[in-house]
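Pasting the structures here.
You will see two complexes here that share chain A, one where it goes with chain B and one where it goes with chain C.
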Partner chain A sequence: MTRQKYLFCYLMVAPAILITLALGVYPMIYSLWMSFVEYDLLRIQQFGTPFVGLENYAAVFADPRFLQTLSSTIIFTALSVTGVLAFGLILSQLLNASYRGRTAMRMLVCVPWFVPPAVASAIWMWLLNTERSPITQMLQGMGLIDGNIRYLTDPTTWGPFSIPMLSIVAVRVWNGLPFAVIFLLAALQSIPRSLYEAAEVDGASMLQKFWYVTLPMLRPMLAILATLLIIGGFGSFEINYIMTGGGPQNLTNVMAVYSYQQAYSFFRFDLASTASGVILILTGFISVFYLRSQFKKVA
Partner chain B sequence: MMTIAASAPAPRARFGAMRRLANMSPTDLVTRILILAVTALLLAYILMPVFWMVKSSFQSSAEVRAMPPVWLPSEWTLQPYFNANRLIPLWRYVANSMFVSVSAAVLSTIIACSAAYVLARFRFPGANIILALILLTNLIPAITRVFPIYFFVQDLGLLNSYVGLILAYVGFSLPFAVLMLRGYFEGAAPPELEEAALIDGCSHFGAFWRVILPVCLPGIAAVSIFTFINAWNDFMWASLLLNQGDLKTIQVGIGDFASEGGSPQYINAFMAACVVATLPALGVFIIVQRWLVGGLTAGSVKS
Partner chain C sequence: MEFALNATARRKALRGAMAGLSVAALMSANVLGANAQDITFWAQPQGDLLAYQDLFDNLTSQFRDQTGINVSVEVINWSVAFNTWLTVAQGGAAPDCADMYWLHAFVGIGGGKYGPRPLTDYLDQWPTLDQDFYEGALTDVRFNNEFYGIPWRVDIRPLIYRTDLLAEAGIDHPPQTWDEIVEDGLKLTQRDANGNVSRWGFAPGTNNAAQVMLPYYWQAGGQIMSDDGKTATIDNEAMRTALKFLQDLVHVHKIASPEMFESSNDAVANFTGGQVAMIGSMGSGIGEQLARDYPEMEGKWDFAINPEGPENRDSYSGGGYWGVLQGSQNVEACVEWIKFLSTPENMQVISETTGTASPRRAVMESPYWTDADWKKQVAETLNYGHTSQHPTSVWTALASPEPGAVLYDLVYNTVIIGNDIDAEIVQAQTRLQAELDRANAR
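And then the complex of A and B:
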């Protein structure tokens, strides 16, 4: 009987595990292997793929463009995670309050979630067009600026920050916000009302209630979201690739775009895999720790 | 009047709100006004781009490019939607996307269903490892596996074929689908259901097929819709695996056109194409939104 049950289990799970191995686990390992060999499409006919150890990593970490990309990726991720969580906290409060039209409001806030990244990039490129931006018009109307803002092309930098970087972050936050809002809303709804009533009896102000009741109760969900957003941020690709291609002067480049460029512009699949190997190692570590903490909670 | 943080709808809401406003301490009043201002800004931030896309798609080309910008079309026109197909082979691309996304959704839902069911219900050797692999694959960004998959698809001779892309989408969506469905099976179908069926002489598969699947149809539909949206919205895989002429998906059409700088004089037609590229996923979401969001968050906030 149990043998029959096991057979049933394995048969049912077989297609899924086959696909996960063939299109998930194996490619990741293979990609990691590619980062330890020479894999130059222009030389592969002649020289094959000799093992070179850590040479690719040395090469990549000696490349100032890569180092700049790595630091931009970290800045980009940090800014967009902070933006999504901060705005998400405010918006989820709004959607949790009771007033007429709340359902419609919830739906409206979700809309950017289902705008495909390619379309989101296209709309924002039009919105942030240097000569014809309605945002510039509004800012000028309020008397905040005189000339145009080169949202996507201004190469001026302040340390690691630049206008194109902030523009790209704004698009990323726009696209990622609804996801966080929905999950924060679900967490908000599971906070017992009695906690707020107790705080009210003690004469807590709104801010105090938020600080001493809401925020601590949301902490687990905030941690989950932060982890997912950080992992996603390190792998983010579409918006940067389409909107700026990493430019101007590599200011908005992120690791995934760098990796893609190495592969499909320079045919250096080894350096491409090395960059994606760095992403794999970083996100792999975070994922394993995250999964372990999640499992501990269940057990 | 809205109340921040938790609040049950008061029985006489309007008077209740006014009383609350009158009784409110000055700091709370200031907080509230500040929150309202920030909220208004945030809503503008969220809705403005979509509004801008839609209104631009109904405007004449000259008006879209006018400076200062014209916020509402002086005359609504459908012409951009007819012109869009001259800019890029819009309808062909939409058909490509539709075919690929529906196939991927159907395939991955079927495969995910059977795996999610046994992972939710039975303990068998290796189950935890399988689950861990699926979780990891789901978390780690796709860019870490695109090159081997590209070569793999190339070796199979499936580059620039729908089959190759569908395969990639199934691989990409499957982990998420399994995890979400597993949560759903655990929550929505009590084990007593198939115990009864087993006692009545059903096989394990019979119990799954005749008893569990019908009960879990809403969750299964939600997952298939998510995998559809996933595939529909994808740009990266499609731009790698299917980038020749008429075979492109709509997202690649849009993305390539945008990144090449497009042609500003037809921006209204391009915005029309963007609306068309957004509608299927967004439309499906709006129709079934309650249901989807409930399904997605169900497993995440169990006490």
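And then the complex of A and C:
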């Protein structure tokens, strides 16, 4: 490539790099800096922002509510990523098969993706309201249950699980499923037919074809999806905040909600940045592991 | 020659006249320029947005005609209002004056450099302020012995009840005391054959834990902190009484929902749907909403002043005010504008257009606020208004409806979880004092 061509290429990507630096990297670094200083809005005019080292990290890790939030975030992410990938695999297989009405099915599966999380939360809050839930009424009408189900408010727990947490996960899976299905469908369609034909010649059953052909061929896409979904899960905010506000009894609180509460309810931007810093570290680890595995493959 | 002289004289006279006119024109332009002033005013919408914008178009036009001052109004959507004012209080771009709220928090954050500006020097512009306005509303605009502006709307919270459901249960008047709340609540609570509650008799308030607790605590004679905002004062008998009353509603009498503080609890939907018969502390704004959006509910609901507790029948009172921002170069013009807005006539129009209760007594005594029983009850409740603002900048954080806020945790842990009241109060008192110290550190 000539020097001019290099220059042209750099010029073309420069705006994207500048925007990423200004709107992505700078706020991230600034937020990290805030986690090492005192940044209390009620004291900032008098005391400024003195450096406090790791004090904010010590403070949030000494807060039982943060530890509960950290554990809830991990559970929420694990359940929702597993749910999205499992249902995504099933649905993408279904949508890849040949039958009449396949296009309509593909459209239908995509519908939840068009619904912004805030709107999805409002819709599901109504569907899951204790006294007025149409789902409960339907189940009662079918004689399957007697009592109301407190989908978003029942504080009963089984280990780390609770009905509100499972309800929130279900909404997250519903909202995020089309994203996974579209990626997996594209990956499925790129698998050469010849591999399935060879497996058929060898007498492989449908399950064996899935296990020995489909799954290995989908693995790179599944890894990308899992990484993206885990990162999204750790930063999840809207559904948890709108549907439960972290309740009941802090059972559905996640770190992004904790961070928001510290900043905008309690004016502690330092503690909010610290919680965000923990999210950054966790998602950073996941990304590094993923990238390393990709580089190893290339090598 | 005579003609020529005359002609010359005429030309000179003409030049002189032209010069004189030019000077006069320039002078008058300067005078006009000195009077023509632009001020910026930010406000959050209330009621119907189009009607609200029309209202301010009319008001600014009248004000310009009267004073020559141009007011540029920018409407801040409520969804971004808090972040906007938080930014302004930290030195972000500020208007000259505005419709604001949470005075104490934003003054504290601004630290005297940004945010709301005291208007104590201009107090004489409203010589009969104390007689004209309800006392509770005026408390909202005073902080650290300074006066910050004119209250223009009140979020007063009377009791709201379903007249049809009370009549069905054989109850001929809304509860007048805490005991009557329990008596009526028991009659009004209904369960189906499976034991599911189909109607709760009583909801103490909407889903904000601290705001639900406050009126009952005041009614029991308590105050959250000392008058100077330095000492926490919740470890007392009044708090025990209030929390015990609320706890018993859920756990002993079982007439109030244990879900009352959850985000998914929708008090208005429960009330209109008949899933709750009485709400003990409900923003009066719902009156206008029910009258406008729920015609099928006409005659089925009413307001009443809050039932009396052990000490009084105080009602929650919040609101908004017009004030000036630090850094404004147009303080006098802003004061003129606020003075104009706060005339009885304009406050009447504003109250009618927005449907919000007015802190000005004359407005609440006008035909608009006396043509329906529920409106009279709103006006009556204003006499019992206890400000929800407290003399500390950390109040908003203390009373936030979020887990982790001192009062939220106190109320949730006792009323919903059923924890020991004494132990929770002791812990909350310590946490509250630590927060007050944080706000008062200098």
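Operating definition for what follows: the second predicted complex is superposed on the first by the 267 of 299 C-alpha atoms of A that agree within 3 Å, B and C clash if a C-alpha of one lies under 4 Å from a C-alpha of the other, contacts with A are read in each partner's own complex, and residues count from 1 in each chain.
What we mean here is this: a contact is a pair of C-beta atoms (placed from the backbone, for glycine too) under 8 Å apart; a residue touches a chain by one contact, two chains touch by 3 or more.
Small disclaimer: the values here were computed from a predicted structure and weren't measured.
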item	value
Superposition on chain A - do chain B and chain C clash or fit	clash
Touched partner set for A:Thr82, first chain B, second chain C, both or neither	neither
Touching partner for A:Asp146 - first (chain B), second (chain C), both, neither	second
Per-residue touch tally on chain A - higher for chain B or for chain C	B
First, second, both or neither for A:Phe114, with chain B first and chain C second	first
Which superposed partner A:Leu42 touches (first chain B, second chain C, both, neither)	second
Which of chain B and chain C A:Leu291 touches, first, second, both or neither	first
First (chain B), second (chain C), both or neither touched by A:Gly245	both
Chain B versus chain C as contact partner of A:Leu21, first or second or both or neither	first
Partner chain in contact with A:Glu131 - chain B first, chain C second, else both or neither	both
On chain A, the residue positions that both chain B and chain C contact, one per complex	125, 129, 131-132, 242-243, 245
Residues of chain C defined as touching chain A within the complex	82-83, 86, 89-90, 105, 108-113, 194-198, 258-259, 261-266, 269-270, 273, 275, 393-394, 396-397, 400-405, 412, 416-417, 438-439, 441-442
Chain B contact footprint on chain A (complex, rising order)	4-6, 8-10, 12-13, 15-17, 19-28, 30-31, 34, 87, 90-91, 93-94, 96-99, 107-127, 129, 131-134, 137, 170, 174, 177, 182-183, 186-191, 193, 196, 205-207, 209-210, 213-214, 221, 224, 228, 231-232, 234-238, 241-243, 245, 255-256, 259-260, 263, 269, 272-273, 276-277, 279-280, 283-284, 287-288, 290-291
Of chain B, residues touching chain A in the complex	1-9, 13, 25, 27-28, 31-32, 35, 38-39, 42-43, 45-50, 52-53, 56, 65, 67-69, 71, 111-112, 114-115, 117-119, 122, 124-125, 127, 130, 132-137, 139-149, 152, 167-168, 170-172, 174-175, 178, 204-205, 208, 229, 232-236, 251-252, 254-255, 257-259, 264, 267, 270-271, 274, 277-278, 281-282, 285-286, 289, 293, 296-297, 300-301, 303
Touching residues on chain A, where the partner in the complex is chain C	40-47, 65, 125, 128-132, 146-148, 150, 152-153, 155, 242-250, 253, 258, 261-262, 264-267
